[in-house]
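Common to both upcoming complexes is subunit A, partnered first by subunit B, then by subunit C.
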Partner chain A sequence: MDAFSAVLQGLPMTLMLTASAFAIGIVGAVPLAVGLSSSNIVVRLACRLFVDLVRGVPIIVWLFLLKFGIQIGTFKFDPVSAAIVGLGVVSVAYLAEIYRGGLEAVPRGQGEASGALGLSRGTTFLHVMVPQAFRIVSPSIATYLTGLLKDSSIASTIIVAEMVFQSQSFARQHPTMEGILPYVLVGILYIALSLPVAYLSRSLDARMRKAVYV
Partner chain B sequence: MTLSEIANGKVAPRTGIRLDNISKQYGSNIVIDDVSLHVEPGTVTALIGPSGAGKSTFLRCINLLERPDAGTIQVAGHTIEPGKVINAKDLAALRSTVGMVFQSFNLFPHMSALKNVSFPQQKVLGRSKSEADDRAMQLLERVGLKDKANQHPGRCSGGQQQRIAIARALALDPSIMLFDEPTSALDPEVGLEVLAVMRELADDGMTMIVVTHEMQFARDVSDTLVVMADCKIIEQGDPRAIMSDPQEARTRRFLRAVLER
Partner chain C sequence: MSWLSEWAAYLPQLMSGLGVSLMIAGISIVAGYPLGLVLSVMVTAKNLAVRTLALAVVEVGRGAPALVILYLFYYGLPKFGIAFESITAACLALTWNSAAYSSEIMRAGLQSVARGQLEASNALGLSWRHTFFRVIMPQGMRSAIPGLMGVAIQMFQGTSLAYAIAVPELMKSAYNIGSQDFNYLQIFTLAGICYAAISMPATWITVYFERRLARQT
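Coming up: the complex of A and B.
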């Protein structure tokens, strides 16, 4: 088997890990972001503690803890689930912080105007704050997604057969110069995967700017 | 039809508002010191005074954007004591009676002019989309901006944005309108468009409270001139009388500064 097909074998797993963790993060971060800006100090502190705890520990440590540190009865995480949960929870924390920043960047007058008009808090959040916050944070979300794509390679350390894991096993079987080849290829693949995300985010951002502010 | 007739579908219900002993402080910093103001139905009250006098804060206390620490607000048969727990029904009644226009317009930038005026009607009054859109178009036409209906606020000048904001507030059938320095962010020429709409609204008999630095508007349009300084009302009465013969030294000093500019 040549180096390129070896690396490609890991591609579906890399995409699956990234997509699953991102999906968990995008959805799970919403309530957490609301909690981070809650007026209830207990809720706010609890959410803040969670975010800082999750972000304060390297992803590789979380993955090891989930994979090797958790046993409830006979239940243990298999490597793929541990990677999805670990990367997913980390995404929740990072994206919640991004969302919170976006919500806070919406001018104060928007909430005041909504209140003066008599719009409910739910309506104000959903129809006034979120659409504006989304425009503000969409570039940061895209940046996070490309970061997550690369961070998914950390799952190779708990034996998840994604691209870097496949590169390593190919390299181990070919301890010659050829062994370096899959790492070059995998690097190029990560770049190739990141480009469309960056491009999409830029065109989305430009389109929304045009719709909103021009 | 007049502006407020369009806004209300019929003749505007004339409502006044009574504010008694309103006080507000941030920490130990007093911003409103025991201020009372009674506004008769269908009258225009101009609120003037130096910066930091508490004019805007007082205005924002009227619809509880700022929560006063003490006092009572009586409007449309509801008595609200902001120092105590306010029930949701009273707050909703207050907000639906009182419309507000801000210095910085505060239009929703992600919605077209039409949607800015139509969307709150659907959410607050439960109007159907077509009914709300119709009303919104009527009001936009009345403020001279029918052709801007499908533009986003970012494509409109400041004066146009402020007129859209007035239409947005009127669309909810308020019987009292608050204006917080509505022309201060506009250049003088553009401000005139906005003042013209406000004059028309006053002529229609809308009850209005206007925080402003536009002395000519205050003199010509308002029925009562209220001068605030140092967190209190120091003088109030007939605008021409106060402007030509102020009783308080502080009023005199302020008017001289504004009029002799």
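Coming up: the complex of A and C.
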């Protein structure tokens, strides 16, 4: 199984890219989601424009912009940091949209009741809205994570040595029939990797549903 | 202002690339959605073999990255003597992608049609053909419209991956221009604007349809 070990060589990089971009997204999307549901129209529209713009441009364009387009003094992005930053920014935009949907899905009465009880706006947001919104969006976040795992393959186009890149180089070295193997294996591996996330999301969803609708 | 004048010079070359991108997206949608409809019905078939086959086609189309499917068609299959031109490979790969994604959306749409509709059609003695095409599908497809529009936008953006197999689409044209005089920042910004100029309004239209549908139901 030469092909399989070649593909596996890229696995740590794929997982690292996905985890880093996901971490950036999970944290960075919070202020953006707050901005998206802000009552100040200027803030709201600016955040909306940012989210729509980031989502409206394919990931490969962001990666090429960062890798080839950005040069500040002597600083240039190396492929791995370009991929992490690019996938991270895209994750911020997608996850912010997911968070916003979750916050909007929390019944209005919850916020109003908190106000009536004299809770501060910070307490209302952090301890009333966010816990309920998280239950609603956790399956969507898991779905996004599997999407991000697949999108990390795009980093191979800027020469990051992740799984697809390794499959490519194996296939180049093996012009015989064996050369199709890495593509088949890497495809199966992506599907296999997203199974645990999908499973987790389903069990999480079931548990959270129980918690919300008692 | 130099950016604008350079952009004006680049634009004609980019536009031909954009044409190729739109064509590939169009083909993958026009061929993919009917296939998706067939798959969405096959997935619920009683025959185990049919169901398993359809499920495998859908799960691979959705679960494997589009880039991997592109490479499989363009670099993988030729090793078995099945060679495609790069544009054909891109169309085939993205068609598979769009069929897989759209089938899930259509299946959800078809399943959202109330069971009573099917029972009533049977009670009225309608043939399965009439039941499906005149009763179930028109109602099921309506709720699938926003999702299908979303997949169409995703397919348009996905054509940018065809860059990796040297299809002369928008991204490839941009890269070619950029490698002539190394104005990568300008040219990729312009390419991004081209993608956004189509994707963003399309997204807004999709959101509009989503809201309208949510109000009606």
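Structural remarks
As a convention for this text, the second predicted complex is superposed on the first by the 213 of 214 C-alpha atoms of A that agree within 3 Å, B and C clash if a C-alpha of one lies under 4 Å from a C-alpha of the other, contacts with A are read in each partner's own complex, and residues count from 1 in each chain.
Just so we're on the same page, contacts are C-beta pairs under 8 Å (C-beta built on N, C-alpha and C of every residue); 3 or more make two chains touch, one makes a residue touch a chain.
The structure presented is a predicted model; accordingly, all values stated were derived computationally and were not measured.
Residue contacts after overlaying the shared chain place A:Q132 against subunit B, while subunit C stays out of touching range. In the superposition on chain A, A:I191 makes contact with subunit C only, not with subunit B. Considering which of subunit B and subunit C touches more of subunit A, the answer is C. After overlaying the two complexes on the shared chain, residue contacts for A:T176 are found with subunit C alone; subunit B is out of touch.
By the touch criterion defined above, A:A23 reaches neither subunit B nor subunit C. Contacts of A:L45 after superposition: neither subunit B nor subunit C is touched. Applying the stated contact rule after C-alpha superposition, one finds that A:T123 touches subunit B and leaves subunit C untouched. By the touch criterion defined above, A:A113 lies against subunit B but remains apart from subunit C after alignment on the C-alpha atoms of chain A. Look at A:V164: by the touch rule set out above, it reaches subunit C but stays clear of subunit B. Touch criterion met: A:K150 reaches subunit C, while subunit B stays clear of it.
Residues 59-60, 63-69, 71-72, 75-77, 79-80, 157-158, 160-161, 163-164, 171, 174-175, 178, 184-185, 188-189, 191-192, 195-196, 199-200, 203-204 of subunit C touch subunit A in their complex. Looking at the complex, you find that subunit A touches subunit C at residues 52-53, 55-58, 60-62, 64-65, 68-71, 150-151, 153-154, 156-157, 164, 167-168, 171, 175-180, 183-184, 186-188, 190-191, 194.
On the side of subunit B, the complex with subunit A involves touching residues 63, 65, 92, 95-96, 98-100, 102, 104, 106-110, 119-120, 123-124, 152, 154-155, 168-169, 172.
Subunit A meets subunit B in the complex at residues 107, 109-110, 112-113, 115-120, 123, 127-128, 131-132, 135, 211-214.
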